[in-house]
Every structure is written in structure tokens, then in C-alpha cells.
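To keep things clear, I will list the structure first and then write my remarks on it.
Chains: A, B, C, D and E, in written order; residue numbering restarts at 1 for each.
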């Protein structure tokens, strides 16, 4: 028989005024296994704790029940006290006789009776408690950053600066992401490439950073501190170790009509290409969909001109497997499809463009060399209309239900830059609201209006009609004037909604990280843990978590890096010992538990069992990784055979409580 | 609190409270110029419960029910259905038929299709 | 192929050609239009109000007849198409409507939206196929620049009608190409012609027709085609600019050599 | 203590509360001194999804007159998805108990957040009232045993 | 049909595709047919039966059989195939060790019904159109199928095999569910008091023989909770009469979302308790609340109890449905 000690706290008068604490201690003291039962004014005080510690030692207690305030308040205090007296901290149970008894009842007899019952339930439970030891697991001191945009770059640089190796996996042939495509950045109007490309170079030169460009995540297994990731290195048909990035092949390639994705298809590139001049790594890649040699074996020109013999038409996808302690998702965003809003005629006219296309049209390295020209006829546009909120703030059937957050500011930027460079151009912006919270942001858009004379019209555009003379008839509303107006525009710019990368969902599945209905990664807590996924060891950087601009992205990226560094600095991770465990003798191998586990903590393997008749039998059984399990218990109920149980809240413990309370 | 508003909302099935006041309905409306109250104002006034103003306005007879606003509204508010509900409340009142069968001969010519008469009666009379 | 056919009132008087050529061209393509017996006028307009039940019963009866005649109803007139399709849709999304209608219908067999409604144009596109149409053309309309006019009734509400992309439709353009002519793309093709407002406020209606016809003319159309008698009226009677407007079935009959004194 | 005034019946009520929301909600109603009947006894579980339907049956078996399960609001689960499973399991269990003719009001599921102290107290008050009005739990008793027992009530299993 | 199956089985044994065959073997009486494993052509010729009494579901036996060496040929009626597939979904059967042959089923006879019709001493059965022809010790008797078919066959859910390697006979189709839920529907429409009386009457007959559990192809746990002293449920001797009913509730809950409604539980119950009405209630609720779901439909589907939708109904729906 176990020896249990009971300690009833008065909490000054908080408990003692409504509960007859002496009676409680006395009654519980008569319970069969209770060898000591005491009451004390403040059990959490040092002397109260000493009373507990002394009793544990003096009576050789196997478990203790504290009748006091909520376990959410002092469970840890009493566990520590128990531990210091040599009792396993998980042999402590709390009966909550303050919040759930003395504070809510007035009748002393009633409250006392209830307190006794709660105490009995706690005794019933503690009799079935088992000593638990929090498991420890090691930490692989290497981080993986998925996505090489500004978010991924910043996170990687910060982690590398702290001295930890970090790998960047980027699906494009170069890092840089969307920011590399931008012309200027708000609210300072500094050149995007000028501030980004040095960081890209830093990445390439930092010896702690390894860049896997033109690569994708193939699979992820493991758990916090110890992930194993398989990376697919797509064949680029150019030997990375040999290519010097001289660009000769890209000049000689005879296939000239490949839509240039870096310029959003506004001009063409060759079948062998380097995305842009400052690409990192600056290594060519061959586009297998267009290359004549790869398609029908005829050509081979690039191979002939390459002086270092880097071209390799036989290259195949290869795989790298690496272990990481932490993984950062930095998968960024895409521009949502605006062609579904046919009234804006995006598909009908080349002169209706998205804002990102406009960035390229204004960029000195873009298809027009930085001179703003209409895509249809290459002429200067004189009247430009901007349409805000295209696809944002819609009901879910009509588009994105969220505000894309960056459009108000970049539109003000575009309008301002255009008016500055081409003062003869009239610029109109149709807006629903102008949303500019942020340092120097509101001042920025006011400048667009006040100093640069941009016409802001509160209203919407209903229809854009291409006319035979090449102009666009923009029919809109001006809600303040209460009129419908027509503007004959040369160029229309749509502030398209942004959406998470299409690759994010499959990645989230691999990471067992949760996502919201819009495919943004969910944070562990929206306010207090904004850069972590609820899945331990997975961190979030940049727009993959929600729309944000560059300053915010960089801030979050660094915050994310701090969290990663915090994790990688630890040698051992201590787990919560109240985790699920599966009795493999009873496990059916049905996978129900794995199906409900939100953390991917459960894996299966075939295991041999010796049968009573000395034969062996192979069965598929579940195993819970205690380092990953968070102890919710969903699996215990999903398990049909009862093989799965939860330490600290086992079936028998809970049923003992039920029995005690229903008696 | 407001019977008329409730009726309009019930008849139209429109979720006026979803409106974010972007004005796209009014940007799209072909009858805009001929209206005193425009589609977005219909939605707003109904949401505010000011249906009487709309009932008294000629605007209710100007909507073509072309459904462009319904199609393009980013919030699924369906302004044309709001206009239609207000108009029906107006014409259903005793003696408030906008168009009477007796008016028709004067408005008709030899080419006018029967469809126009049927539609107009359905829209303007009870 | 046999299919239940709902002609509608206008096709029985003002727009007889629309009706006649529809039947004849369909027949030439191996499709018999079988007229629904004892049909009544659809009402010309679908009233969106939820409490309007009685005004939709004629459409419901036509739909029920269509269900019993093979499951589908084909229409040629845009308005009839719009009313029948919207009515049918309501059965599928609004159980309350189903319940009330069937209360009215007591005596008649119940109807729950089992039929489907197709327009002759989508029948040509989806089932007969424009290739078959093209193959049947004996008198191609070479060199003709034709502006397809959709108006509103064929396209909106797109969710209920599921006819074509409401902002950038293509079925009539493909139709025109099948006949050997060249479609004219102009932005007003899906905007309203003024509709029934012509009775109430002809001046307002005129503005609409003018905008449509001007847009077609600007883009170099020789003539326009439509599926709607009311559009036909407004575009020809109300617009200041004069471009010939013809029914699409009329043009189809011409290309098939079914019209006397074919081709100009 | 909730008592049925007419019959003097004092119901036994078990409340399963998830540690992160509802148990914290119960604590909050205590902190705010919001009263609810002393018949309600709380069992703490990490998540509502830890509650096996058999715990509820066990409670009924051992003499509970009402069982209530409280968890985080769907979408707010500390473990992201636990209460979605709870919702399905409990819906089916409630439906089954109802199908067996056990008064459906004896089992209840409520979502109570850590901030909803007032809701917790109110919910417990109304549940206790309902159970008091329903009277002692009728069980699916065995006719074979019933012969030797006094009318109506089966002895508690101890 | 029986001969066709035997021929095919012999071929597959002969060419080495399989080493064993699972089918049905006659017991002491002609209607007392049980699943059996055959290893040779001779055994097959001698003992293999396939007739209107072969209601037993063989899929559960495959858990044990597929763990052995060598491939086994399994003849699966549509019902068996659904159970088989569900067991595959739960990784209980080694698929590579089973050669599944789908066989047609025109419904199985209920010996109880035949006896109640006054036909005794049955020695054989065969089908003739809409009738069963029974040879008895006293001569031949005929009975309309509708009067002799087992309840589960009268409301047959499907004549289709969701999984097979080979099919003998024509593939059938899913059948409409309307009739299947009539009895559940009827119970739902009763008052709570009537339902209570009904179930108390039914479940009080239970003698805890565990036959329902032992036959159930979903009840395949390595170690059943009712046999496990640590589960808190092992009621070797029920402490309380309530637990008798609880046994059936827990059992139904354990198989919820996994039960293929094969009806074996009711077939084997010596007290004729309509246990399938508990399982069917769950199936009906799942269909109505979470979308039509058929356990065993395919091996990839997720049991509705281990999946969810954010917009799922609240448990209070039970109360609301009650009011309607």
C-alpha cells in the first residue's frame, strides 16, 4: 500500500473562511492509504513547503495531495518542493479547493463536503500516479530555411552570424525572391536591388550558409531538434562547380522566345539563362521545356561555347539528405490570378498590368530599361489608372477575404515615382480605403497627393473597356462626388491580391505544420508566439505567415532567427513527460492514432514478437516519439484497442477520479 | 426594429451588412446617371433602415436588372436584388401600380416584342 | 436527338424568324425541337424576390414538362432562357422555394429541379459542336465582320445560368467563326441594351442602346447578332447609329443555305 | 447545492474540463466569485479530446446524474485540432444515448474559453438546474436483476 | 456456382498462385456453415460449399491467415469484400498474401425464418428465381426469398466488390440505402421512453457470450478492452447491470466509422438481439452529419471519427434534431 500525505492549505482566509480546513484534513486523514494529513495557513510559503518536504522524508511518502488553489497557480511550486525532498514531482496531485470550491460557495458545510470529495478524488488519482521523468533529446546544430526571398535570407544571415550552420533551399535558380524584382521600396524610395543584392552576396560568402538553389523539399521526418530532410536538387544541366556565370551560353543559345519569368513574361529569355545579372548563385540553368538539345537532341551550341565545359545534358535530379535541429518556412507569396475578374480586361489588353508587372516596367534592369512604356505599343502612357483591392477583401467565393496589406503603400510609391519622372502624366488611384499604418507611411501617401498631385478617387472601377484607338475606357465611381465617371487611360495597374505560395500547403503537410483556410501558416499564438508554428521546431518567416511589407518581413525574419538560435543553443531538450505511449502488445497497427495526431508524433514499424508457443510473429505497431508528443490525448480515444494511454492522465487515473466523485 | 428593412432583407435575401462601401456596384451600373439613389446608396440606406426615401424615389424604376452589380460585387451583396425588393414593396401597395394595362397602347409600337410588355408589367405592376 | 423546346411568346409573333430558323437549322443538324405542349409565357423577367412564387409557376410547369420529355429544355430567346434557368436553380439552392412552389402545384406532379435548361447556343457548343456546324455550312459568311451581342440575360447571374464567362464570353464568337465570318470583339457586348426601360423611360434606354451600338460600330462591325427580341428592338429602334441587327438563327440559316434568296 | 425542491433529489454532476480553456474558465469564475452549485465536480484533462466516451459511461454507471464536457472553442484548441475530434465523438455519443432512450439532456458539451468565467458559471448553473429537474439517472437496467430490487432504482455499485 | 468456385480454386492451387483457399465448409447441419481453410483439391471437392447458408464473413480470418507464409485464395462476397477492404485500411491484413476473388451473392437465408415458416430438418438449399428450394428430411420445400432472406440481405447495401484481384460472375452495383435505415428511423421516431423500453427489453436478454464481438470483422483487436484487466472495462462478471448495456454501447462506439454493416453480430446472437441497429444508428448519423461514408469503400478513406471539418455540427444538433 502506498503512503500518501495530504496537505490542506488555508490560503489565509481565502479557503479557511468557507471551508472547514481542519475537518477536511481530519476526514482525508482517515482515508486508507493516507499516513499524514496536515493543514497550514499558507502551504505555498517557504515554511509551508518545508512542512511538505519534512513529511515526505519523515513518513517516506510515495505521493502527496495538496488541497489548495488551482494547479494552474502552484502545481509547479509543489512539484519542485517534492523533487527537492526526493519525491518524483509527478507524484503530486492538487485538489482545487479555492477557485473551484471556497470562492464559489457560501455555505460552509456544503463547501467542506465538496472539498473533502475533491480531496478524495485527488487521492484516488495519486494512488495510480507513476513517477515520470521528462525525456531528453539532443539538438542537431544546423538550421534549414525553406525559401530564399528576403525573409529566408535575413533569417539565414542572422542564424549564421550567431555561429550556426544554415542551409537555404530555394526552388528558383537564384535566391532573391520577389524583392529582387522590385524597383524601389517604400517609404524611403531606395533601390530594392541596391539593398537586397549585398545581402544575397553575404549569403553566398558566409561560410555558415549553404545555398541549395533550384531545389525542393522532398520529404521531412523527425522532430524538434532532430529533423531529417530530403532535398531534391533539380537538374539544371549545368555543372555548378564549373560554371563561372560568364553568360556566354545565354548569348549564343538559339532559342530566343522563352517567356522570361523574372520579367513576368513581359519579354523573352533564352533556353539557357541566368535569371538576372546579380543572381546568387550566378550559375546558368537550362530550361528543359525549351532546350532543343534536351527536347530532340539537336543543337548543343551552349556546350560548344562553354569554355569550362560546364554544360551537362545528361544531368539528372539528385537528392541530398541532411539533419536539422530547426526548420524555417519562408515560402513567401505569389500574385493572385486577376484574370478571373474579367471586368478589368486583364486578359483582353496588354495595357492592363499588375503592380508587380509595373515594377518590372519601371526597373532599369527590366524589359524597357526603366523607361515606362506601354506593353502594347511601346509608347509613353499619359494617363494611368490604379485600381486598388483587386481580389483582396472579398467574400471567399469572390477572392481573398483578407487585406493584402502592401498595396496601398506600393501604389502610392508607383504613383509618386511616375509623377516625378513623367510630370506630364496624370495618375488616378481608385481606392476603397487608404491603409497606411506604419512608420512614415501615412506621411508617404500624403506626399503622393500633396506634393506629386496624384488624384485619389474614393470609389471603385466597374469596367475597363479596351477601345479601338488603343485607349482603355475606365468606368468608375466617385463616391464622394456621387458620380460615375469615365477616364480614358493608356495604362491600368491592378493592385492584385497576394496569396501564399502554391507550394506552401504540401510543405505544411510534410512539416505537420498547421495552416489557415487561406493557406497561410498558423502561428503558435497569434500574439505571444508569432514566429513559431504550433509544431515544435518549425518556425515562420515572412509572408508565408500573413501579408506583410519588407520592413515587417525583415523584423519577423530576425525574430524568427532569434527563436531558432535559442533552440540551437541548447544541447538537450527537455520534454513534457505527460505524453502518450502505446502498449505494443495491444497495438493493432490500425493508424487511427497517427491520423488524429496533430504533431506527427506517431510512427509505425513492423516488429517481431515472440509468441507463447515460441513462434515469432511480425506485427505493425505504433510508437510515440516523446520528444514530439505534446500530450493532448486525442490518440488515446482514437485507439480502438486501448493500447494508447496518456502518462499523467491515464485511463485508470481518470476513471478513479470519476469513481471517487460519483460515489 | 425596422419592419421595412426586414422586409427588404427578407425578400431580397441580400446580405446588406456585408457591404464594405467600395462603390463597385455604382461604378458598374448602366443606369447610374438616371438614378437619384445609386446602387451603393440603396444598400447603405437599407442597412441604415431608411427605406422610405427609396420607396419615394424614381430610382426604383430605373434599375435594368442587368445584374452587372450582382456579378461584380466583391462582397456578394447583390444590390440589384435590393432594388427589386424595394420596388416590389412600392408597387404592391394598393393602387401604386407604376404601369397599368391601359397605359400600354400609348407606349407600344408595331415592333415592340411581347416580351417587353410582359417584363415591364412584371417589373412595374402587381 | 430530340429535345423539349420552349419557344416563348415573342417567338410566336414578333420574332417568328427566330423560332422558325432555330427549328430548321437544328433539324439540319439532326436535332428535333419538340415543342412543349400548352406552354405559358415565362413572364419575360425573373423576379428575384424570395416571396414571388406565383409568377414563377409558368416557368416551373415548362420545366416539369421538360423533365418528362427527356430531361432538358432548350430555349432560343435570352429572356426565356434566363427565367427558366434561374427558376430551376432556385429549386437546387432554396428548399423553401421548392416547398412553396409544390404547395401551389398541388394537383400537378411535384417538381424539384430535375430538368436542365440549355440555350440553343450552348447546345451548339457543347453537344452538336461547332465543328459539326462548320461542316454543315454551305454558304460561308466570308469576310463578314459580325459583332456578337450577348446583353445581360444570357450571362448573368452567371452562377445560376452557367452559360459562359460573364465578363469575357466566347460562345457567340466561336459560333461566328464556325459560319466562316470574323467576330468583332467590343467591350459593350455584355452590357445592357436598355431592356424594358424603353417603355418607362425611352430616353434612358436610348443611352444604353447607343453605347452598345457605338462600341460595335467603332470596332468595325458589319452587323450585329443577338438572341433576344427585346435587344433586337432596342438596338434597332433606339440607337441613333444604325447597324443591322439580326438574330443568330437567321444568320445560321443563311450559312446553311436555308434562307430563300440566300446571302447578300 | 442544487436540489430538486419537490423531491429533495440532490444530483451528482461530473464536469470534464480541458486544462487550457475550460479549467482556466472555471478558475476565472472562482476568481470573480461567480457561484454555481456545489454538486458540480470538475475533472481536469489536458484536452477535451482526452475524454473517452467510456469515461462518461463510467460516470453514469457509477451514479452520476449528469455529465458535462467543456473544451476550448472549435478553432482555438491548444492542440490545434483536438476539440474537432471531440465534437464528432460527443455528437455521436449523445445521439446514441438519446437513441437508447437516456434523456438527452443528461449529457452536454460546451465550449468555454479561459476568458469566459461568467459563461462557465452560468452554464454550470443551468446544467445543474436541468439535471435536478430531470431527477435521478435512469439506467439501462437489466430486467433479470430488477425482479429482486425495489421499484425503480438500482443499487449503486460499490 | 459452387462448382465454378471449386474449379477456379483448384486451378489456382495447381499453378501455385496460392497455397491455401478460404471458403465455407458445412458443419453438423447443412445450415451450419463456417469459414474454413482448404489446402488440397481433394479437400475442396469434399467439403467446399457455397450456397444460401454461406452468410459467414470470411474477412476476419484473413488477419490470421495472411500473416502466415504463402498466398491464400479468399472468396469474398460483396459484404466480405467491404470488410476486407476496411481491414486493409487498418493494416490488419497483408494484402500481398491474399488473392481476393470477388464472388456474387444473391442474399443469404436465415434459418430462423425458415424454421418459423414451419420447415424443419433442412439438409440442403438452392436458389430458383425468387425462391429458395430446400431439401429436407421430409422432402422438398419451397419458400419465397423475401420470407427467408436474412434481414441484412433484404436491405442489401451493395452487390459490388470494392476490392478484388479477380471477379467471378457479373459485377453488381451499389443499392439504394432507403430500406436499410427504416428500422433505425422507426426507433428515432419513438418517444425516448419507448426507445428506452425497447432497448431495455432487448439488451436485458444479453448473456455476454461475446459471440457478437468474436464474429465481428471490425473487432479484431490484439487484446480486446473487455478482456484487459487494466482497461477498467473488463467485466468478467458485470459489477452492475448497467454495464451489460454499456458493453454494447462501447462495442458499437469502438466500431463506429469502421463497421461495414455486414450484419454478422445480429446473425450470431443466440438471443436474437438486433445489435446491427446500434451500428446502423452510427452509420446513419455519420452519413447525415459528416457526409455519406461507407467503411471499406476504399482502403485510403479516413474513418470519419479520425477526421473533421471546421464547420461540423455541434453536439447540440442531437437535441435540435429531436425537436424537429
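Descriptive notes on the structure:
As a working rule, a contact is a pair of C-beta atoms (placed from the backbone, for glycine too) under 8 Å apart; a residue touches a chain by one contact, two chains touch by 3 or more.
For clarity, every value in this text was computed on a predicted model and none was experimentally measured.
Steps from chain A to chain C, taking the shortest chain of touch contacts, total 1.
Under the contact definition stated at the top, the chains bordering both chain C and chain E are A.
Across the assembly, the mean Cα position most removed from that of chain E is the one of B.
Ranking all chains by how far their C-alpha centres lie from the centre of chain D, first place goes to C. The central chain here, found by comparing per-chain C-alpha centres with the mean of all protein C-alpha atoms, is A. The centroid of the Cα atoms in chain D and the matching centroid in chain E are 35 Å apart. One finds 47 Å separating the Cα centroids of chain A and chain B.
Chain D has its Cα centroid 62 Å from the Cα centroid of chain C. Annotation for chain C: residues touching 2 or more other chains are 166-167, 191. For chain B, the set of residues touching two or more other chains reads 33, 68.
Counting partner chains per residue, chain D shows two or more touched chains at residues 53, 58, 81, 85, 89.
Across the assembly, chains come into contact as A-B, A-C, A-D, A-E, B-C, D-E. Chain A contributes residues 70-72, 96, 98-101, 103-107, 110-111, 113-114, 117-118, 121, 514, 522, 534, 578, 596, 598, 630-634, 636-638, 646, 649, 651, 654-655, 657-659, 661-663 to its touches with chain D in the complex. Across the complex, chain C meets chain B through its residues 8-10, 13-15, 41, 43-45, 47-52, 55, 77, 79, 151-152, 155-158, 166-167, 191-192, 194-201, 204, 207-208, 211, 228-230, 232-233, 236-237. Chain contact summary for the complex, chain A toward chain E: residues 517, 585-592, 595-596, 604, 617-620, 638, 640-643, 651-652, 655. The part of chain C that touches chain A in the complex is made up of residues 165-168, 185, 187-188, 191, 215, 218-220.
For chain E in complex with chain A, the residues that touch the partner chain are 67, 90-92, 220-225, 228, 230-233, 254-255, 258, 302-303, 305-307, 310.
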